[in-house]
Amino acid sequence: MSASKTPPARVLLEVKDLAQHFGGLKAVDQVNLTIHEGEIVSVIGPNGAGKTTFFNVLTGVYPGTRGQILFNGQELRGMAGHDIVAIGVARTFQNIRLFAHMTALENVMVGRHTRTHQFLLGPLLRTAAFKNEEKAVEVMAKELLEFVGLKSLGNELAKNLPYGAQRKLEIARSLASEPKLLILDEPTAGMNPTESQDLVALVRKVRERGVTVLLIEHQMRVVMDISDRVFVFDYGVKIAEGKPREVVANARVIEAYLGKEGAS
Amino acid sequence: MKKALAWRWTPWVALALAAVFPFLAATLDAQYLVRVGGVIGLFMLLGLGLNFTLGYAGLFDLGFIAFYAIGAYTTAIAMRAGVPAPAALVLAVMMSLAVRALLGLTILRLRGDYLAVVTMGFGEIARLTINNLDALTNGPKGLQVAPWRPLAFLSADPNIQYYLLILIAVAGGVIASSRIEDSRVGRAWIAIREDEIAARLSGIPVRHYKLLAFTISAAFAGLAGGLFAQWEQFVTPESFVFWESILVVSIVVLGGMGSIAGVLVGALVLVGFPPIMQWKLSADWINYRYLFFGLILVLVTLFRPQGILPSSRREAELTS
Amino acid sequence: MLVQQLVNGLTLGAIYSLIALGYTLVYGILTMINFAHSEVLMLGAFMALGLAALLPAIFGEGLVGLAGMFVLSMAGAGLINVLIERFAYRPLRHVSRLAPLISAIGVSIILQNGVFIWISTQSLTFPEPVAIGQVEVFGATISSLQVIILAAALLLMAILHFFVEHTKLGKAMRACSDDIQTAGLMGINPNYIIALTFFVGGALGGAAGVLYGMNYGSIKYNLGFLPGAKAFTAAVLGGIGNIRGAVLGGFILGFLEVLASGYIPNGAQWRDVIAFTVLIIVLLVRPSGLLGEKLAEKV
Amino acid sequence: MTFRKALVVAAVALSAACGPKDTSIKIAVAVPLTGDMGTEGQGLRRAVELAVEEANASGRFPYKLVAAPYDDRADPKEAVNVANLIASDPRVVAVVGHYNSGCAISAAKVYARAPVAMVSPAATNPEVTAQQNSADWAGPRMVFRVVPTDDVQGSYAATFASKKLGKKRMALLHDKTAYGQGLAEQFKKTFLEQGGKIVSEDGISVGDKDFKALLTKIKNDPSKAEGIYFGGLYTEAGLLLKQMRELALKHPFAFISGDGSMTFGLFDVAGDAADGAYLSIVGVPADELASAKKFVEDYKARFPNDERKPFDHFGYEAANIIMAAMERAGGPDRVKVIEELRKTKHQGVLGTTVFDDKGDTTSKIVTMTRAVAKKRAFDSVR
């Protein structure tokens, strides 16, 4: 099934036989896949196919029941969520999870946590090192806000931002940790076509920064438009992968989406 | 811009007024307020301490007074053993920190109201243990503490001395709080309070930071307890009942969660109100003091549910 | 001696359970600690005392009068709880999680001091409902009072169980407890159901207050605080929000206290230390209490 | 806007509650008037009011005296607040207070600096007066106490138990307060000296209601205690008695306690179960002393709806002793009143009160009484 071409670039993420079971429920099972540096890869599948659970295992929210997740050759399973961020995997959430009572700028600054070091003594004594680091964090956060197009909204509380802006702010926050792999969970959910277009452009811009992107996406138009490759999940299992056009033509994929009749 | 400038000076003006006040109290016929002000200051310290746990990190603690008690008793026992008073204060802070860290290590994985009830339990355990360990604490009969008069060169009145000492501690606490709040560490705590999972997946080691906030709180409580023991020259378990823990929580919430100015105002209102009523109400009304106090709690909460002075986020200069 | 201690624990546990139910019902629906519940309990006892003077004239002595006193005190306590919710909690419902707690503390202080100022500053004798007789069973002395308390508590728990599991209103209550927003969408008026929950919780608290008065023979303005705090602990021990958990927690706490003071040398003064230590250990092993459901957060 | 309005309303309500200024001379009553101990403090307040009203009516003083109430809530921190307030009010001549030993010890340090005399009607911890011997004491000796310390009553009760009642084995209970534990410790000391045996020792908490487990243990213990000595107050004592009856712990099993339990409140709590309880009282019983009898009657006439609390007669006596000192001092002068208080030799409801050099009453008269539920009375036992 898999595309049998020469790999376009270095392998960034390699998932081997990954499973996440909840009691008898196999939310994710026997997932094998590879993501290369610089790709934009989409995960699609019907509701309940285990896509978000898969992301949650990748980012350490769930421990995983079996298998391996190799990121740059390093095992992610068993690693704490914040350590996974530290080695270069950041994510956004299906139902937006911003720090509601912090400003947009502060949200992004929080995202910088793993790349900064000042602990209690620095801030207490207002040392030069602390001031420099704060300055740098603020500059970078502003740059990121500008990057996602929220420059003027930096002092707004996150909860007061419009929906589309909140999605973008989440992306800015994750980018602040300088990830190598950015995982986006339904970034266009609830957006109108114009907003979606906007977001697609943003995702491309993210890739141009050298960040590999893995996303869950429901809008097929977006998937076709943006993805280098697509993985299809159903009942916790990866049932297909390939270039967008190939995948859409795949019988099992059509079956998964439309049922048996649709496939025949 | 002008408003921002005015706000910047407000704390310093307030501090200066507070520092001058005890020396004018005698002429204003308000010496009583020096004592009351000192007690308010102790609860400001407690409130600033709990603000790390409850206000920043959002951890619900109903047994905070235990660490005030540990600070007070550590100071009393150390001073009775001949430890100099300032060193006893340091010991009090260290002891409170140590016990708090151990407690945090065991219970911090509990969430929300489960954490509240476990801390309430610890508060009672601490008080009862102090009351029952007669050999160490002299049980219900309490411990006498030798007087320490650190600022005798400023005034002969111990109330004024402790008022100023506590004022210095509060000022230090406010500076420390605001500096930590406005840093990577403070942002991490608030992020945890707002959304624990998002905080972790933004790279914050949540458990460490919770433990840190939880532990730092105790430094304030331990210091307040130590100063309390030295000022009163006597400690008994009666001072550390559950009600006091509730009072500190009320100070933080009513003032404005995570707001330093809020905590200060909360302590001023809640701790200041009953003694002022004691002073100003006539004999017929003295029984009504706490009825009014309850009314204040309810009315202020209904009219200002986010607190009297809710925390506001620092605004950054965006046009650069 | 063991039998006697078990009986002692059972009576104590029954009262804790009834109070714990009031906390857990309200918590289940609003996830808030109704701090004023202990005062509802106290007011229930005071109403019963007032009624005890009035009712015999209407219902005559004996069980009918007793039942009348019970039902009316429960209704009164329930109503007070509804009023507290309406005026002190509802305006804060969607504002913040801790604001209602502070408001509740305020209400509790107001009620306690109100009774202190306007009703009585001292202990008042609570009439004995029936002549106290004693039975010897397996070497244990059981008083008729203990039997009445246990019977009344179990009866109320059975009624509550039937109400919640088998009536339409009870089901609506459970639906709200599961998910108040969805329940609202299904055509259930959440305000109505919340008021109902406060009524039921308050009524159980009132009943506990009456039993409390009967059991200990005198009541005072501050009687609610201690059993309230303990019953809240019991509710958490069982898994707050869970009805069976509250009952289980209440009985466990009752037995724990009895065993600590009855069997551990010098145990009486360490009783609460032991009870709270057990609570902490239980919660460390089962962070949502004994019967509480594990809350999996959706990411 | 609404918030401001509420503030204004509160301010108006407050100012309405503030009394007009007057020029009368004050005797402070610093006791818990609210909170868990409010019941006891309200009794003391009434007793002092009664004494002051009687003095005003008698025309002994050329100025008007008032009993000024201060609420310490039984919280040492509030007690010190109150003490500072009292010390800064020059119209207060002396203080009747405090109720709790913890409050009294802390507050006395403030009164010493003023200085203003404090006469405690209820705090029994020896430290209340003993602390004046410390090198750290900042001020004159101005603490007095009309209530005897724990040792007097505790030993009397122990002698009574072993000699009069012939008890050999007693169970010891106390409420883990300075008062209750103090009494119990002294009882134990004397009872052991007299060859008795303490078979068990337990502390309870004030506010506890259920002692059945503890009583069951005492009842079934193989060491067979012949009675209980309880150091504590009437609420817990009453519940103990009531639950003893429910567990069929009855005569000749004895219940002995101190003056903190000897009050009508005991009957309200225990009902008939109070019958036969032995309670010691300091001084001569009311029915044998004319002045005491008069106090009982006057109190009832003045406060028909309130029953006397265990320490009320001490409060009444403290106020009278202060007023006698004021009379001798020739005016409401704080320092002179302290000096005159030291010379006190007062005939009153407690018999003759004289203070020793620490400020403690030298009266060691203790009477044992027995509760009679039917007539709500305590008959003295000879």
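Labels for the chains are A, B, C and D, by order of writing; each one numbers its residues from 1.
Assume a contact is a pair of C-beta atoms (placed from the backbone, for glycine too) under 8 Å apart; a residue touches a chain by one contact, two chains touch by 3 or more.
Computed from a prediction, not measured in an experiment: that's the story for all the values here.
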Going from subunit C to subunit D via touching chains takes a minimum number of steps equal to 1
By C-alpha centres, the chain nearest the middle of everything shown is B
In terms of mean CA position, the chain most removed from subunit B is A
Expressed in whole Å, how far the mean CA point of subunit B lies from that of subunit D is 34
Taking each chain's centre as the mean of its CA atoms, subunit A sits from subunit C at a distance in Å of 49
Between subunit A and subunit D, the Cα-mean centres are separated in Å by 72
Expected list for subunit D, residues touching two or more other chains, is 34-35, 38, 176, 203, 205
Subunit A touches at least 2 other chains through residues 61, 93
Subunit C residues touching 2+ other chains are 113, 116, 269, 272, 299
Subunit D residues touching subunit B in their complex are 2-3, 6, 10, 13-14, 17-19, 33-35, 38, 66, 68-71, 74-78, 80-82, 84-85, 88, 100-103, 105-106, 109, 113, 125, 127, 131, 134, 136, 138, 176-178, 181-182, 203, 205
Within the complex, subunit D is touched by subunit C residues 1, 4-5, 8-9, 11-12, 113, 116, 121-125, 128, 132, 134, 141, 143, 145-146, 212, 215-218, 220, 222-223, 225-227, 257-263, 266-269, 272
Counting only contacts in the complex, subunit B reaches subunit D at residues 29, 31-32, 34-36, 39, 128, 131-132, 139-142, 144, 146-147, 158-159, 228, 232-234, 236, 238-239, 241, 274-275, 277-290, 292, 295-296, 299, 303-304
Note: in the complex, subunit B contacts subunit C through residues 60, 106-107, 109-111, 113-114, 116-118, 120-122, 124-125, 128-129, 131-132, 197, 242, 246, 249-250, 253-254, 257, 287-288, 290-291, 293-298, 301-302, 305-306
Within the complex, subunit B is touched by subunit C residues 27, 31, 33, 88, 91-92, 95-96, 98-103, 105-111, 113-114, 116-117, 229, 232-233, 236, 240, 269-270, 272-273, 276-277, 279-280, 283-284, 287-289, 295, 297, 299
